[in-house]
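Have a look at the structure below, then the notes.
A, B, C and D label the chains in the order they appear, each numbered from 1.
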Amino acid sequence: MDGPHDLGGKDGFGPIDVTAPPFREDWEARQLALSKNVPIPGGTIDWWRHGIENMDPATYMSVPYFVKWNLNEIAHRVDQGMFTLEEAVSGRASQPAPPANPASMDMLLERLRANNNSFSRPLETPPSFAIGDMVVTQTVAVPGHTRLPAYARGAVGRIAAWHGGHLFADAGAEGRHVVEHLYTVEFAARVLWGAEADAQDTVCLDLWEPYLAPA
Amino acid sequence: MDGPHDLGGKDGFGPIDVTAPPFREDWEARQLALSKNVPIPGGTIDWWRHGIENMDPATYMSVPYFVKWNLNEIAHRVDQGMFTLEEAVSGRASQPAPPANPASMDMLLERLRANNNSFSRPLETPPSFAIGDMVVTQTVAVPGHTRLPAYARGAVGRIAAWHGGHLFADAGAEGRHVVEHLYTVEFAARVLWGAEADAQDTVCLDLWEPYLAPA
Amino acid sequence: MASYDAKKIGDIHRHLHAHMPSDPALRIKALEDLAVERGLVARETIDTWVEMYAERIGPKRGAQVIARAWVDRDFYDRLFEDAGQAVKEFGFEGHATEHLKAVANTATTHNLVVCTLCSCYPFAILGMSPLWYRSAAYRARAVKDPRGVLEEFGVSLPEGVGVRVWDSTAELRYLVVPQRPDGTEGWGEEALAAIITRDSMIGTQRDLTLEAA
Amino acid sequence: MASYDAKKIGDIHRHLHAHMPSDPALRIKALEDLAVERGLVARETIDTWVEMYAERIGPKRGAQVIARAWVDRDFYDRLFEDAGQAVKEFGFEGHATEHLKAVANTATTHNLVVCTLCSCYPFAILGMSPLWYRSAAYRARAVKDPRGVLEEFGVSLPEGVGVRVWDSTAELRYLVVPQRPDGTEGWGEEALAAIITRDSMIGTQRDLTLEAA
């Protein structure tokens, strides 16, 4: 989808606040902690991302980062029937449950370590491209979730690395388990941005095989 | 520029409020009246548009339409040195002037009629394309103002009409007076949006010759 | 002198948005007060202009033009030859009509008008655009999903009808000429004009009814 | 069960944003209160996690890894062979490190990391990302105008240095390995780790100084 999240190369944003810290407000760190510690029964990482992508674009552009997380964590739990809309809006449980047991620092450190999920999967079919091959990316946006940014559509680049089979994001956002070859593709900046770009510069993206065709 | 204004084909906006009237609030109509009746000494229509395009994208996406006009009318008058930033923010003149004379309804109706500006200009050089020719549009965004939307970049279409020489928007936004041939170019919807689109549908855009190359 | 400096105008925009009162009504009032105090416009002129747009300028103008084209074949030809000139026969020329182009719906084509890059509209002939025409949703969707948009307006196209979307990217402006409905044979211009709606001239309505708009 | 229905999740988002209190702090509190009342998490767990991110997880982890690579050639090779495995030697694996890839700055290449589509970041090795990394401005500009971005961070590249921007579009995450500065010959891992900054591991800093970060 051509959503508001697809920001690469978009203009008009002005200067970067280069001194900004990770957190400015207590609620930001608490939202991160909630996201990592309130269980969510189902879904995939890309379906989670697709939830954020489907926020109203005006909301996406104007609310703080961790408010997007907050809205999305709630939205997914409502989608799964875990919370009702009324509970979410009021912050009050319709049926309270016995309190959860607190986790210790050691347990949380262990939980963090266990969070290193692998997205690599075996794949029988050989890769269609070899390192050094020139490829061209899809020209048209797909209707759903995709990880090919708009700025890299219809562009010719070079296969810089091959990572074997990885779970395919586009399918993951639909709850389907599909494995595709993943590559790093390097694009000359001038191919993407025209003559304004520096001839020495390149942009590397990690792209699945269905995004690519021989150039 | 790839600004927030370039909305064609972007996803995630949800349903349209099909019953919305022209104005909901008094201040909307008053802003329209201010835009049309407070003189602005210089500039071009495309420099005016480029001002709106250079609003912060979050502001562009979240404020009402006539607030964008309001900000832009003020911004351009500040840019020209007609208002100071302090005057604009406070709404108070640092040096009041004698009041303007009210205009009658007849004068305003006459003013509206006189507002039918022509953008057509003579052009010695013959057009490069004839009706029926296939053309391909520029693939890369230009840094400044342009009227080739992102969704129609790098697309093949057919010349459907030729309108002679018109003032070129991209140059107008830089205060330059340049005349270029203007065409209506018709694109099959499937060329722009892929197989999801209806094979019968087309999209027509009015595009200047510098946007186009032979297909 | 205009600076034609994109960075400068962007910085001014950022400053204004950060420092002006957040209530839109107060923002517009600030500009009006300043312009009046500076003697650039009289408050009565603003009142009169608002009255003009409410009472004198509006889609009834476009409807009159189309009604005449339905009954007068010569005018029909002039309208499709150069609509910007044709509307001058009514004195309706003005803001954004000089390069007006009429596009006709037929049994196999439906026309839909949008401006994806801003909100261009033939103001002097149709009045102020409806809010939805200026909405991000309409601007984004009309070019990519015209059939979905039309459905939200209650329009389902018969089989065999293609949509032609007009994105107003230059200074041409578009006026959709809807099909004259059956049952209006012999009607005069005034009666015909009364059934022509604003939405039908933008293309978000296809079939006119015999009741006054 | 997740619905995997984009329209449904968009409608829920719209409802929530329209009906929840506008103050961000109250929004986060509403989720926390609800989760606690429902017995899904203990409030103390949230407190402890916040403490963990403040004190235990952060760029000092990445700095330790890079310092070792500077002094231990075998570890250097393992890091560039598979950084996700290499960080396990420190017990630093976790959120978004399994497919970690180290990329080295050289005399002719400068690396810069971004995620244009969301804000992917190797959290367990660098801690929470700085706000600017998640900002629309950085995400938009890093790929198109990396030299302009670097200038705002005070970095001007010497002639002959090309920028390689890494847009984190899949589950690989990138760790920039800065150049070891002159004057650190013979330093131990701890002293070296102390001068390696977070920004140098993202690529918005190029030259390290001999003072502690």
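Rule of thumb we're sticking to: a contact is a pair of C-beta atoms (placed from the backbone, for glycine too) under 8 Å apart; a residue touches a chain by one contact, two chains touch by 3 or more.
This is a predicted model, so every value here is computed, not measured.
For the pair subunit B and subunit D, chains touching both partners: A. By number of C-beta pairs in contact, A-D leads over the other of A-D and A-C. With centres defined by CA atoms alone, the chain at the far end from subunit A is C.
For the pair subunit C and subunit D, the distance between C-alpha centroids works out to 49 Å. We define each chain's centre as the mean of its Cα atoms; on that basis subunit A and subunit D are separated by 14 Å. Separating the centre of subunit A from that of subunit B, both taken as means of CA atoms, is a distance of 34 Å. Subunit A and subunit C have centres, each the mean of its CA atoms, that are 40 Å apart. Multi-chain contact residues of subunit C (touching two or more other chains): 10, 14, 136.
In subunit A, the residues that reach two or more other chains under the touch definition are 1, 9-14, 54-58, 61, 192-193. Of all possible chain pairings, those that touch are A-B, A-C, A-D, B-C, B-D. Residues of subunit A touching subunit C in their complex: 12, 14, 57-58.
Residues 1-4, 9-14, 53-58, 60-62, 139-143, 150, 154, 192-194, 196 of subunit B are the ones touching subunit A in the complex. By the touch criterion given at the top, residues 1, 5-11, 13-27, 29-34, 36-39, 42-45, 47, 49-52, 54-56, 59, 61, 63-67, 70-76, 78-81, 83, 85, 87-93, 96-105, 108-109, 112-120, 144-145, 147-149, 151-152, 163, 166-167, 169, 173-175, 182, 184, 186, 189, 192-193, 197-198, 200-208 of subunit A touch subunit D in their complex.
For subunit D in complex with subunit B, the residues that touch the partner chain are 10-11, 14, 136.
Those residues of subunit D that touch subunit A in the shared complex are 1-10, 12-17, 19-20, 24-25, 27-42, 44-46, 48-54, 56-57, 84, 91, 93-99, 114, 116-119, 124, 127-132, 134-141, 143-144, 146-147, 149, 152-154, 160-172, 204.
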